[in-house]
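The next part holds the structures, each set out as structure tokens.
Consider the two complexes below, in which subunit A is the common component and subunit B and subunit C are the respective partners.
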Partner chain A sequence: MIIAARKLTKYFEIKGVKNAFIRAVDDVDIEIKEGEIVGLVGESGSGKSTLGRLLIRLIDPTSGEILYNIPDDELEEYDIALENNDEKAAKKIADKYSITRLKGEDLRRFRRNVGIVFQDPYSSLDPRWKIEDIIAEPIIETKAMKPEEAKKRVEELLDEVELPREFKNRFPHELSGGQRQRVALARGIATFPKLVILDEPTSALDVSVQAEILELLRSLRKKYNMAMLFITHNISVVSYMSDRIFVMYAGKIMEKGYKNDVIKDPQHPYTIALISAVPQIKRTMQRIILKGDPPNLLNLPKGCRFHPRCPVALPVCGWTANELKPTLEFLIETKYFTEFPNVSIEIKGERELIVNNADPEKLRQVVNAEKENARVLLSIKEIASNGNSSIIRLHEYKTPKLYKLSNSREVYCLLFDPTIKERFKQP
Partner chain B sequence: MSAQKTAKEDKHRELKLSMEVFFSNKSAVAGLVIFLFYFFDAIILQFFPQVMPFKHPYSLTPNYVNPIPLPPSKKFPFGTTYPGVNLLTAIIKSIRLDFWLSLAVVVPGAFLGVIIGIVATYFGGLVDEVLMRITDIVFSIPYLVLAIAIGYVLGRTLDSMMIALILVWWPLYARYARSVTLEVKEITFIEAARAAGSSKMKIMFRHILPNSLPPVFVQMSLDLGTIMLTISALAFIGFLPAANLPELGYLTSLGYNYVETAPWAMIIPGMFIVLFALAVNLMGDGFRDVIDPRRRSAL
Partner chain C sequence: MMENRKHDSSPIVKIENLHLHYYTRRGIYKALNGVNLEIRRGEVLGVAGESGCGKSTLGRAIMGIIPRNAAIVEGKILVDGVDYLKPLREYFKKAKKFKPTKNQDLLKKVNEEMSKIRGQKISMVFQEPMTTLNPLLTVGYQISEVLFYHNPGLLASRRLARARATKEDTKNIVKILKEEGEGERLRQYLKNRNIMGLEDQIISIWRRKELHDLKKEQMILELCCEPISSMARGYLEQIEKTNSLPKFSKLPIVGRIVKRELLKEAFKKSAEFLGLLGIPDPDKVVYMYPHELSGGQRQRIVITTAMINNPNLVILDEPTSALDVTIQAQILELVKELKEKINSTYMFISHDLSVLSEVSDRIAIMYAGQVVEVGPKSAIFNSPKHPYTQMLMEAIPTIEAHELKGIKGEVPDMRNPPKGCMFYPRCPYAMPICKEKRPPLFKVGEDHYVACYLYGGEKK
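Our next item is the complex of A and B:
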């Protein structure tokens, strides 16, 4: 593996507020093989750019380990050590390959091996620098070559990205968007990196230029055999470019697998919805429209973080009393308000609600009638009577993990948990 | 070969565009012309005083035979002021001192301020907090009072006046540079530089500084006028080392006692102070247009 991350986490502190964190990347495992293009898809704010920046140490992780250039068998050993909580063995391997604690000269040497191309070619090039200096910056700063060699290399790179050599004396504002992105690309690969992070490299360009850049990327990959992490929200681009796909949602990997498996046969409900939104030719689309918005990263849903929007959420996916209360209130105060006068709802803990002045039998009827419309009602385990009021208890939730479907395929969803599957068989 | 030529032409075109933007602003051109008059006056008197028909280019020549101010006439186009000083030659002599003093305050003040502002912003956190609070403290000191205090400590010399003004002028630039830097440091090319392995120093001085300088230059051109006003004010209240030093504020104060009978003795030197302040302000506005991309693309 050229790079592998284990339990990688990044929390951004909120200034002025104690103990409030934006959980941009949360306990993520990712690995990229030599010369492989990995696509990382997800909507805005899902943490995919943060993950890309973490991998090349542009930002420091809150916790977790990033291992660079680790042989497969040692990575396996490391995983086993982690599973068995064998800290000693894990540390021994981590010390050898970890880049999370690199500093100064070592970090600089590591930077030679990685490159990055940013989304917006208009802001990623310093407007006061010449193209030549921009491309040579990583070569000179990481001391990959001597300054005279760097000059030669710049000309080579301009050829490589199919720009005229004379462009080296120009300034960025004299170039078009596509030309600028080629310059950014030349800078990204200037030091012969083994891994390049492509952070939405085409989304700021128009479609014809996008195609050119994608072609160029593919030919460069072939020539230099570098691994690429292709971050994008565009599924068609990812399916064209990548070998494997990681789907990210709210800071977690939802599904990973080979491109064809994920695109043709998505397993996670989120991936299914995502792929159903890709426009198709000569076929009627069956779009699955997700309700609601991505969760607030400050205050994530319990259990699986996708459950509030999931069309097939199970009773144990992570529902809490806080989520149930507004739904119940809405039903009681609108559709069924004639049946429940003077009703008030109190939260009695994460999994318990008290409905004052309500008959449990009537409540049960409402819940049964509305189950199809609001999946949160599924989470009700029992409705007991307590004098004048009813007590609603919820199922205990379970947090999913990545379940292995096959050697290459992993899905973060309780539907694939063998113990759960038995209990809540879908009709 | 031909492409190299075009690159040169492109550069040329940029410059041409900048000129076009500047010259499309009529009042800025007027400001520039007036500024150039002051500039050449200062240059000639500083470096080639022999060109001018003055016996004493660096001091006023009083005429105690006829000390009462005379009205403008053929012999004295701007009249004279007490004690019999020819206002035209006195003003020409005065501009030199005022001009260099303004530059001597603005340039080091801006230099100090910009460095402090950039360092504060880029390091952030505690460094930012401490530096900006110091800036606030200095900012709160009234400059005239400080100048007088420093004058008492270091003696009433031009140097002490300069030091006093520099000491109070940098906070303005520190704040200004900080606001610009805050904006620049969030642009992606700074992140790209970090990904390229550049050190903090290099990022600060090779990426952030060049990108935050143009607005600072505009501010400097605007400040030249303000500083000249301040220096004149100091001279007006008697903060000058010698009694016959040609200085516009001092010239104004000489005519102060005759304001009812000989108003020109005060109005004309005062006018030259205001004219300079006005000219550099107009010119600064023109420069602001030049660095404003929206104005550029409008043409």
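Our next item is the complex of A and C:
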């Protein structure tokens, strides 16, 4: 593996507020092989850019380990050590390959081996620098070559990205968007990196230019056998470019696997909806419209982060009393107000609600009738009577993990948990 | 009005040989170079093209919202047969040297004329939902403004109807609804009792799915006997008749009362309409500020402001480009739904052909300020004729991965465009004539036109 991350986490603090964190990346495992293009797909705010930057230490992780250039067998050993909570063995391997504690000259040496291309070619190039200086900067900064050699390398690089050599004396404003992105690309690969992070490299470009840049990226990969992490929100581009795909949602990896498996046969409900939502000229898939918006990273839903929008959510996917209350209130106020006069609902805990002045039998009927329309009602475990009121208790939720479907395929969804599957068999 | 729209077969907008140039310090930027296009009643026209091809300029020119340095060099835009930009064109013909200040004076006049139809007959949805809403005003107020200034008659009649209706009336209405639903008999009854303003209120309640029938009945029964202050009543009746706001300069207090009454009503109507668009809790949402809403919600609000007066034509300028795919899917579904519910005409501008393929009936492909191909959706996608369209299709990545081919070269410099065909420098099939003359639109199929000499003209 050229790079592997384990339990990688990044919380951004909110200044001035105590104990409030934006959980941009939360306990993520990712690995990239040598010479492989890995696609990282997700909506805006899902933490995909943060993950990309963490991997090359542009920002420091809150916790977790990033292992660079680790042989496969040692990574396996490390995984086993983590599973068995064998800190000593884990630390021994981590010390050898980890980049999270690199400093000074070591960090600089590591940075020679990685490159990054940013999204917007209009703001990622310094307008006061010549193209030559822009491209040579990483070479000189990481001391990969001497300044004189760097100049020669710039010319080579310009050839490589199919720009005329005389561009080296120009300034970014003289170039078009596509040309600028080529310059950014040349800068990204200037030090012969083994891993390049491409952070939405084509989303600011027109389709006709995008196609050319993608073609160029492919040919560069072939020539230098670089590994690439292709971060994008555009699934069609990923399906064209990558070998493997990671799907991210609200800071978590939802599904990973080989491109064809994920695109042709998505398993996670989110991936299914995401792929079906892509506009297609010749539609082949039934479109699934997700309700609502992605969650706020400050205040994430419990259990699985996707459950409030999930069309097939189970009773144990993470529903809490806070989510049930508004639904019940709404139903009682609008549809069943004749049967429940003077009802009030109190939250008694994460999994307990008290409905005052309501008959449990009637409540049960309502829940049964409305189950199909509001999945949150599924989470009701029992409705007990307590004098004049009813007590509603919810199922205990379970947080999913990545379940292995096959050697290369993992899905973060309780539907694939064998014990859960047994409990909630769906007809 | 609805019936009129259906039977009238003349196009709602007709653009004839439109040339629009921007006069900038660094030369004349030729944004539109002879656009010929018509938008037919009841259709969804998709306009596609890369950035800088003039698709947004075209949309804005139809609305008449162009900057002062934009010169109408030639050609016209007929909106329902009226040429609003005529003074600008005549000025350009007469003037020896184009002066933006002079143009601005004329633009003011054009604006005055056009504000009568903007928001009422034609309206526009802009690209960035984050910037089109005013952060200092509640979203309800921003929707209400459109109603208040363009359709005060509707608001007044809604309010008056609630004052005029008696308990007896609402009981009868519920009875009719139960027996026959929202049909002709309901309308007749409302007409006889002079409470037509109730119609949309009743229907919007009756169509809500999440409510129990009893609750709906209760809500309809409450639509009566709401007293109005005697001071405002006369004015409201006047507004209902004329559908325009009288001047209250001599009676500021009465003016304020009337205005408040109308705005309150507009908030109600806004909430009803938001409910129709599937926004949960519309009664609360109208009192929220834009920052409290997510991108998708905001775009819904913007679409609401454009649609609330049932305009004949809605121009949607990249309404989904700033949104995520799952939210984009929601908005596209909404547009399709609105197309069914409200019988309007839509012009959908987008750089993404696959988005257009989901919503449009006809598609126009633009390149460098010209329409190079226009035709029914199926013809454009199944047998694209113009080399540019063909190459564009090959450049779009799809889920089913296929080989991508970029288009070599750059979009021409619009300050100094080529003399002949705009696509000539990048075209693999270029012929000598392409360099000399700009191709007109040739007919290549049923309702399918292409601006390319490969399909007609003097071939060499």
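Please note the rule applied: the second predicted complex is superposed on the first by the 422 of 427 C-alpha atoms of A that agree within 3 Å, B and C clash if a C-alpha of one lies under 4 Å from a C-alpha of the other, contacts with A are read in each partner's own complex, and residues count from 1 in each chain.
Basically, a residue touches a chain if its C-beta (ideal position, glycine included) is under 8 Å from a C-beta of that chain, and two chains touch if they have at least 3 such contacts.
Just so it is clear, the structure is predicted and the values come from calculations on it, not from any experiment.
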item: Which of subunit B and subunit C A:124 touches, first, second, both or neither; value: first
item: Which superposed partner A:287 touches (first subunit B, second subunit C, both, neither); value: second
item: First, second, both or neither for A:137, with subunit B first and subunit C second; value: first
item: Subunit B versus subunit C as contact partner of A:335, first or second or both or neither; value: second
item: Touching partner for A:111 - first (subunit B), second (subunit C), both, neither; value: first
item: Which of subunit B and subunit C A:154 touches, first, second, both or neither; value: neither
item: More subunit A residues in contact - subunit B or subunit C; value: C
item: Partner chain(s) touched by A:277 [first = subunit B, second = subunit C, both, neither]; value: second
item: Footprint overlap on subunit A, comparing subunit B with subunit C; value: none
item: Partner subunit B, residues of subunit A touching it in the complex; value: 53, 56, 58, 107-108, 111-112, 114-116, 118-120, 123-129, 137-138, 141-142, 164, 166, 169-170, 174, 184, 187
item: Subunit A partner contacts - residues on subunit B that touch it in the complex; value: 3-4, 6-7, 10, 187-189, 191-199, 202, 207, 210-211
item: Contact set on subunit A toward subunit C in their complex; value: 43-44, 176, 178, 206-215, 233-237, 239-240, 263, 273-284, 287, 289-290, 293-294, 330, 334-338
item: Contact footprint of subunit A on subunit C as seen in their complex; value: 50-51, 210-212, 214-215, 294-297, 324-330, 332-333, 351-355, 357-358, 381, 391-392, 394-401, 404-408, 410
